[in-house]
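The structure's right below; bear with me while I get my questions together.
Residue numbering begins at 1 within each chain, and the chains themselves are lettered A, B, C and D in the order written.
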């Protein structure tokens, strides 16, 4: 079941579980996949930036993607295929689709500067993977260093019919959402699913600005599902109340560079992955940092019992 | 009264108040200065990044600094003197000190890359302003793009006896604080005041990591003062409870590029500045953004009555 | 006499002469100005990047500009007015024009990324200096880190009737020149003077691509004049022969960071400035580097006697 | 025969020959390899930046490397193994060495900023490939954006006994060479081969500063061999005379982004590769650019008959 512009709800960004010695932990992939389904995620995105994709070899990437796909059954899996060159991108994209992926995700490489360079890149990427492969455009300037204006995003989408979703994680990004939704109202942009990332730091207001849901890796995907659902149900205060209870931890987890360590630490505490190890080069948490996260969990747990896991 | 390494507490980062037509609003400077004193700030930092310093002419900068200094009486004023060249830096630093400033603040220019370049720059800057002028080192990679390791910061401080304070706003930054405090424990770094910025986004845990206080521009400096004091008094839960109530707004205000507009909007609502105008080029808030801030204020106001200002 | 889009020939980029102690050497300004006139330059550009502009205070900048203007008589002086803010830019631009400058030059600040940001910046800059002030757009990505496509340059020029010249120093840049000249042929770009910089490294072919002349600081402006004139006279081989004789030195002088030291060293040897000192922070030449330049001069001198100055 | 710190002479940087449809042209690899041997190169470096390495899939990379190795017989082949992650780097490095490579080459990834980050990266990279694999450190800030001071290079080399060579292509770089050679004189740096790149733009003086030879891709490796040999023989004027005759073309070929197109165009004209096609995304030459190169060849040909190839 391929991804379309009607996709909405919550897609979890999955970490790749490793053992301490760097081998891939396939059993934890299964457990994670089941977990995401149980809490109500509509799909899972694998091999993204926080999936440690660049640390894997080509065949490993496909094996990881395939394992998620097989286990996910009717849930949609999106596979990150960003690569230094189009040859690798095409190969992983087509193999993933053959294995049953719903779509692929592409991020701009850091050397792109001008609007023309960005447009040219996505024209070629879209051509490389094939016009029958639905793809997600990732817009994450903080990490990727490429700045795409709403007009450029519109042009990318209008140029490539197979681009069905925007993973929006610009910061600040609220006005950008309103501008893109405005483009659709004035008829200059076709229907497009917009899911938001950036760790969920602005999910509360992003929902109110009109996005279709969340796609991020916060260690409580259940919280993302709830906030998305409450917001869609028009329960504004309830959505903010729940979101605000988690915000101190969301903020802590959304630290560049060290965030993945926090995320894996919490997922391990929750019993969803066997080890919080990262493949080298990885970041580690100090004992002090772990105790800070434990303290934050205990505070969240006063409002949301799912956080009582210590 | 010059700044020393014993400085602690809360230093507000002051915006520069302008009228709609771009003229400087000196009466609002007075009002702001009084406000900061009333809520318990220990000092004020002016002409920082969010003080729109680069938009001013040389003589205007001095006039703004002087106005703050005259009004502040016994409170310490720190003057941002970052400039494209050492000649302008020296002139503003010396004139500010002559007018009664407590210290100056220097940020690294964006072209610095290697440790040697950074060390060389601050050696020359420190020499340029004169060895009798106490100065604050600003470490803000997110905005300034210059990355300084703890070892480099230590060397800058040890090389320049007149460097008395670090304005710490690296992100992530908690381990950096612990490393610097560890350097002091092992005797390799002399006493140094560390105040934290980055909008206060991690003030709760930064205090616990051992900093001396806050130096940032959040529109509720009274909140900064309270959190610093509660934390210093060892009231951990109370500090976090109050901080967490403000975090949704702190996060909203700490958006790159648009944060200053939010800050001025709130300060105007609080009656501390006459206009929220920025000198060109400035960012404006949409009606929707203003309503989002109003909503956040009403939510904060449920816990902290000072936020009931709509 | 204000600069127009009909400007052509050679404009020297003047260094700012300093004494060893950092004071400005006004007598050398006079000597330099006379020298540029004697060798046939059509004008001089002052306070550019290699004029050490950021190292000067506001009043010094105006004094330097004014000294060049007074001495130049009927030659046109273009004043670099790039500044961190529009207030300083406007002040220097208007004071320079009042003193008799022919135009000002504006470079984009390094934080600009997207086409929209670049266009917005120059719209505001052009407005800030006033619509009656002719200005030169500087396009130098290697140093300024801002990449402007031909389409963006066209839009800047079409948006601002007072933009009369492009200082082209992109690298590679030959196709860019052809594209811009093509825009003029198809009627989408109005008449515009294009002078080329980048140390003159591609002056030979840039002339053939249709530019109007040179604007750079090579220590032999007489060579630039000759190559421009030979090329305009259609003497292709002669232009290349002379250019190629100088290319080893042109290349040596066009090294980022250290080029200015070489340039001042040669200008001092030629007797045009009293000292090759730079204001701090400056780069110095090693004894070995000086001997390399002497060797290059002796080699150039076999073809062009003006280089026999040791 | 593994590479050691005693390596010297000329190593050609080989382009990867493609057919128009993007397939790898293995016959041209053989022809190129023979050509490099015939003109006196001591070795060949493959899969470097200008070898379009990122555009290839993992198995293609190994096939290309292996083809060069098999054909080169007693000439040493160095294989570029820079990769987004250490897993791929290790795999290609070990497979290349198994196939008979003499060494591998590693460039720093663009996100590295501080000295500590750079040192940490090469420590891990060196560990990843295995301590028995000799490796070449590439220092090319213009393209790679990572700035390594002489002290950092020394530390990398001293930390990793298997680092046997520096590919020096910093710009400006003459003083850097002198500093590194000075480190060896004062005993703080162990013996290290230094070959220079950057298109050969400063090869004349770099030889005089004490490097061991050239490693770059100029379409006349025969010229590189001659200049290296003349310089080693102490024939200074003759080395410069020959070098200067080629400099206009060297300069033209060393343009960022378009240089590879020029290089392949000339190599094709010389009959060494069947097509000058690049794999997508590639840069193309305009008819005007080709005529400019033809003109430059005819001018070089007046002094060096090998350039008479039109």
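To be clear about the criterion, a contact is a pair of C-beta atoms (placed from the backbone, for glycine too) under 8 Å apart; a residue touches a chain by one contact, two chains touch by 3 or more.
This one's a predicted model, so the numbers in the text were calculated from it and none came from an experiment.
With steps allowed only between chains in touch, the distance from chain A over to chain D comes to 1. Two copies of one sequence, chain A and chain C, touch each other mainly through matching residues, since over half of the numbers at the interface are common to both. Looking across A-D, A-C or A-B, the pair that copies the B-C interface, with over half of its contact pairs the same by residue number, is A-D. The chain pair B-D and the chain pair C-D differ in C-beta contact count, and the higher one is C-D. One inter-chain figure worth recording: chain C and chain D are separated by 34 Å, centre to centre, where each centre is the mean of the chain's CA atoms. Once the centre of each chain is set as its mean CA position, chain B and chain D turn out to be 48 Å apart. Of all residues in chain D, none touches two or more other chains. In the complex of the two chains, the chain C residues touching chain A come out as 113-117, 147-149, 151-152. Across the complex, chain A is touched by residues 171-172, 174-175, 178, 201-202, 204-205, 208-209, 240, 244, 247-248, 251-252, 255-258, 286, 288-289, 292, 299 of chain B.
The part of chain A that touches chain D in the complex is made up of residues 54-58, 60, 84-88, 91, 110-111, 120-121, 124, 128, 279-281.
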